[in-house]
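Below, each structure is written out as structure tokens.
There are two complexes below, and they share subunit A, which is joined by subunit B in the first and by subunit C in the second.
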Partner chain A sequence: MNLAKLWVPAAAVIAAPVFGGLIAGIDRKISARLQGRYGPPILQPFYDLYKLFGKDPLAVNRWQPFFAAMYLFGAAASVAWLALGGDLLVLFFLTTFTVGFLVLGASCVPSPFSRAGAGRELLQALVYEPVLILVFAAIFQQTGRWDAAGVWRQGGVLLAQTPLLYLCLFLVLVIKLRKSPFDFSASPHAHQELVRGVLTEYSGPFLAMVELGHWYETALLLMICALFWSSVPGSAILVAATVAGLIFVDNLFPRLTWRWMMARIWLPLPGLALLNLIWLMV
Partner chain B sequence: MGMMKHLMVRSRRRSLWMMHFCLGGCNGCSIEIMAALTPMYDLERFGILNTGNPKHTDVLLVGGSVNHRNRRTLKNLIDQIPAPRLIVAVGTCALTGGIFNEAYNIIGGANRVVDVDVYVPGCPPKPEAVIDGILSGLDKFEQ
Partner chain C sequence: MVSTMPYLVLTSILLPPFAALISAGLSGRRPRASVSIFTGAVLIALAPFLAFAGSFSFSTEGRPIPWNLLIHWADFLLLAVVLIVAVRLKSILGSVFIAIQLLVLLGLEIFWGEALASDPVLASSAVARVTALVVNIVGGLILIYSPGYIHRHFADPDTGKERFFFFFLLLFPGAMNGLVFSNHLLWLLFFWEVTTVCSFALIAVDRTEEAVASALKALWMTMLGGVALVSGIVLVHHYGGFLRLDQITAAPASGPVLLGVGLLCFAGLTKAAQVPFQGWLIDAMVAPAPVSALLHSSTMVKAGVYLILILSPAFAGTFLASGLALIGAMSFLAMGVVAVSQRHGKRILAYSTVLNLGMIIVCAALGTAAATAAAILLIVFHAVSKALLFLTVGTAAQATGSSELDGLRGLFRTMPLTSVLMALGLLTLLLPPFGLMIGKWLALQSAAGRPLVIALLAVGTAFHLMLYARWAGDLLWGRAAEKAGQAEKLPPGARLSMMALAALAVGLVPLVPTFLVHPSFFGFPGGGVDASVFAGAYPGILIFGALLCAAAGFAAVVLRRLPPAVFRTPYCCGAEAKVDGQAGFKGPMNVFEPARFSDYHLAGSFGNQKIVFWLNAAAVIVMVVVAAGISATG
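Moving on to the complex of A and B:
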């Protein structure tokens, strides 16, 4: 492998959290404006993160920092792999491992809030993982390539043939980024119900690591979205529209329960994706 | 190194996650604290978020007077807040014990049990006074 090519994933690993943090900042600002408030500065997530890194490290047990670090590493590795133009199926397994470490980290502590959040996080994974694999299958069906670099080179406007799949991917984004109505495993506003769900027992630098990992995951999912319109201006428009949609969905819908998600989203969502896939095949 | 330190102080000043704990009393201070968190005062513009979780907390707002039972709860909560932390006593009861001061079970204000950084007087203090109290404690992070 050509070593000179390594600067692309290296740049992605540095740029992705900046991008994810900015998205979080814009989200908070726009959400505040929609609620008639002035809102925090756009750079607020970075202040929060830097402050958390400077707090005393209080770990509940020796496993908790390890799982937080592995979650961050998994998320960063996923971004690097996609930026390298790697295989989408490997990416799928990488994302699954990443979520696994988050769930393990939340389950290795005695807090019932954290464990309930971990259970819900697993249920969320159960809902979006089949859709994610169907999205990658559809990308292969359309372009004949499993590697992201090949898809980007010859993809064109995938969105034109896969509107239903993109809708499913959008819902995956809503679930994965824990936006309302699916913000039940850990929501910044959920302290009345589960305190902070999976994040409850993390504090200081370990919480910062998990937050940083979440920004990587945000960037990763938006990079997958960008594959659906393989040109720089096209993907920029697509990602901007998707983020705007996310913010509006987050503000428009009240929180639903995980039972509602399992009953009404779990089977219909992959069904819708499969319908699109069958349409591509015939 | 100086820049990193400067950035850290700036981040700490601009990102305060708060938790409020009522030790007992009439709950008037809690209502005023909650009022300060409404969109009308919009504490998030200062980076202040209500967390309800001591592990994520930077500022603890204490209301009510301390007795022999709740002092343990208060100590337990403060032990779970990672340093650096700010402790703000809100209202007359948390300052001195208030009208409960002479009662047989009351130890007094919050400063009898923990090191209080800022005192916000009033019975109850207005939301503006609560916000002012939190923000005037920020200089502690300069050290």
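Moving on to the complex of A and C:
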């Protein structure tokens, strides 16, 4: 890790939410067109965020906004860590920090909706966290490097050796970005039986902080995806294709329940990742 | 310093039993409390000297006191007394295992007698010194905590239970110091048995039916470990001519000697409550909180992993190492899975102890420099965080009468300090930049190349998050308007030791590379843990920690200024209602319905009984395969 290059993470911390917000805007536009609507302007998420920051703060207790702030901090720190080219396993623990504080913020309030969302967020973490570790272990297996900078410098198309892992990572992305069929902890749409889950008790500037943190998380996951084709044009193509895939999956799949996820996805997903990892070793 | 070292070590071993005898002779609460607090303070003061004053050794040859003879006879006497107790309590398995040990020891005396002297009997390896640091500081703090707790636990000081309790509680740190500094295997065996007996006595201290049953379960399981220990000693002595740890670890073992080392590791597994022996540690949670904190979480169970870790040079790279890694990883995953379905705070902590010990055993089995560093970090930070958790849970349980998670919900309203310390303890088990995460990071890194181990660790880690995040959130649960009427009252010793443990859990983090990597501190074999292990990411973790402190401080200051008008009642679809200060909503027919919460415990999918049987079976199969494998290759 080169501390003289501190401008890189600083720039990433500024650029990542812009990128995450744009992805959200594009997503809303394309989804609207797919559903035969005109859709909001692409910059709508930024207008929304600006408006939220201007509202009066409301909270249930003092811990709740504190945990929102820690969530935002964790998400921004993860992006900075990856931009710095830091250790991927440490990055994994930074993601547990982020999701941990999101859950803390949602479970410290006496609200049934928020608590239910927190429980589901943890169930989702149970599904995707092992996959993240296995993805990083496979990257190490293939490149011999734990640090993201080394992996990126090594270049090459990791994807060619790790199609199953990338599929698993894609599903992680579907879960993390709260896309159908895995949108049951904080679904933005009214078709789920629990709407907004973990976010129920946030409003105004505190909701804006959580939203901003979510954009950081979006950017972080797409940056991890970019590692699978480490060249500038290659990773751009890969990320664009992945986002397009996300939007289509979101619009194609019907809603499902968390029980379905636990029963059908929980073991097969790490299983597939493990299979790919073992294949890399032989 | 070198010349005073043996006296310091002997003090650390002999002072606790001496204090135990004095406290047993005293009547009245205050004097016994003073003895406990004084002993704790002395042990804490001794700890840095034991850890950092360099290596030492103690030989029996030419001494006026026949130490070897004393230890052998003390061992016989101890086992004979426990045998009588076990027979009177009708514990068949316990009695059989103790009788076997007595017979084997007798055989050793008859056949080898004179040849059993081998010097130095006490010595300090690097791992022993780190373990001693943990034992004495954490153990000392728990001794300072105990009087306040126990005075409320036993209503009547004169029933003898309290005297009994302090006798064994004070005896224990001496046995533990003896164990980590033992070099001679028969000395190790003696101190090992003393810790087993302390554990047995302290689990049974309440004398309820449940307590005695749990104590007997602990007795037979750990005594089975004792049988493995003496058998291992017989094997390594008969085939290798070894009587001391430094002889065994000098070179890689093979053949029957490796089988002997395997038996010693098996003893470690029973003590560390790894599958299939996890049952005794879980049931031991009936004991009072200081016992759980001292014996069953932070120190005694560390004896098991200590033995495996210190033996690791002897079995590195063998079939035995793979088997141990598998058992440790299975314990890690399975205990996480089973703990999720639990609702009882102390039991969850017990499962999480087995889980963390499993990870330490994985590290010991991997045997690389990074893995050793990970094991040491996990031993140190797990002891601190887990002791903090047991003490805070114990304090809360005494005040609220419940250590169920549901009973701890909203604890912040009545016990702000205890609940915040407990939440901090939970987060230090889990999140960066705290010590356990650094240990886990190094462990995962070392496990690269072993996909099965890394997969088990990966899934287990996710369960860990599920366990603690919701618990920590639960503690701070509530609305801003609901404040406690009066300030929380804690005994001064309890407040001091809980705050000190929290300070250690956070404050030790920046010291990790200095006191672990730097060879001059502990002098790990081969010049210490490779500094390059840390160089890559450690500065970044520290910067993250510093930024976290700044961000948390800033957020706290800003949020403190929020006026009361900001705080509202939670959203209930426009049907919120409040009756007698309880939040809820208007139900059908306009009847008030209080808001109720329940978490996903997944009892249907991950119920204890279903899994435990198959888990135990799998662990036994692994052990049999490993034993057969060693015998076949030998």
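We take it that the second predicted complex is superposed on the first by the 273 of 282 C-alpha atoms of A that agree within 3 Å, B and C clash if a C-alpha of one lies under 4 Å from a C-alpha of the other, contacts with A are read in each partner's own complex, and residues count from 1 in each chain.
We take it that a contact is a pair of C-beta atoms (placed from the backbone, for glycine too) under 8 Å apart; a residue touches a chain by one contact, two chains touch by 3 or more.
Not measured: the values here are computed from a predicted model.
Superposition of the two complexes onto subunit A shows subunit B and subunit C fitting side by side, with no clash. Geometry note, superposition on chain A: angle between subunit B and subunit C about the Cα centre of subunit A is 120 degrees, to the nearest 10. In the superposed model, A:L58 lies in contact with both subunit B and subunit C. By the touch criterion defined above, A:A77 lies against subunit C but remains apart from subunit B after alignment on the C-alpha atoms of chain A. Of the two partner chains, neither subunit B nor subunit C is touched by A:A240. In the superposed model, more residues of subunit A are touched by C than by the other of subunit B and subunit C. When the two structures are aligned on the shared chain, A:A15 is found in touch with neither subunit B nor subunit C.
Judged by the touch definition given at the top, the superposed model places A:Y202 against subunit B, while subunit C stays out of reach.
The overlay of the two complexes leaves subunit B and subunit C separated by a minimum Cα distance of 6 Å. Annotation: subunit A residues 56-58, 200-201 touch subunit B in one complex and subunit C in the other. Within the complex formed with subunit A, the residues of subunit C that make contact are 412, 427, 430-432, 437, 440-441, 444-445, 448-449, 451, 454-455, 457-459, 461-463, 465-466, 469-470, 472-474, 476-480, 536-537, 539-541, 544, 547-548, 551-552, 555-556, 559-560, 562, 566-572, 583, 595-597, 599-600, 602, 605. Across the complex, subunit A is touched by residues 7-8, 10-12, 14-15, 17, 39, 42, 44-47, 49-53, 55-56, 58, 80, 82-84 of subunit B.
Contact residues of subunit A toward subunit C in the complex are 1, 3, 56-63, 65-66, 69-70, 73, 77, 81, 84, 86-87, 89-90, 93-94, 96-97, 99-100, 103-115, 118-120, 122-123, 125-127, 129-130, 133-134, 137, 140-141, 146-147, 200-201, 262, 270, 274, 277-278, 281. Only residues 28, 32, 35-41, 44, 46-48, 50-51, 54-58, 188, 191-192, 195-196, 199-204, 207 of subunit A touch subunit B when the two sit together in their complex.
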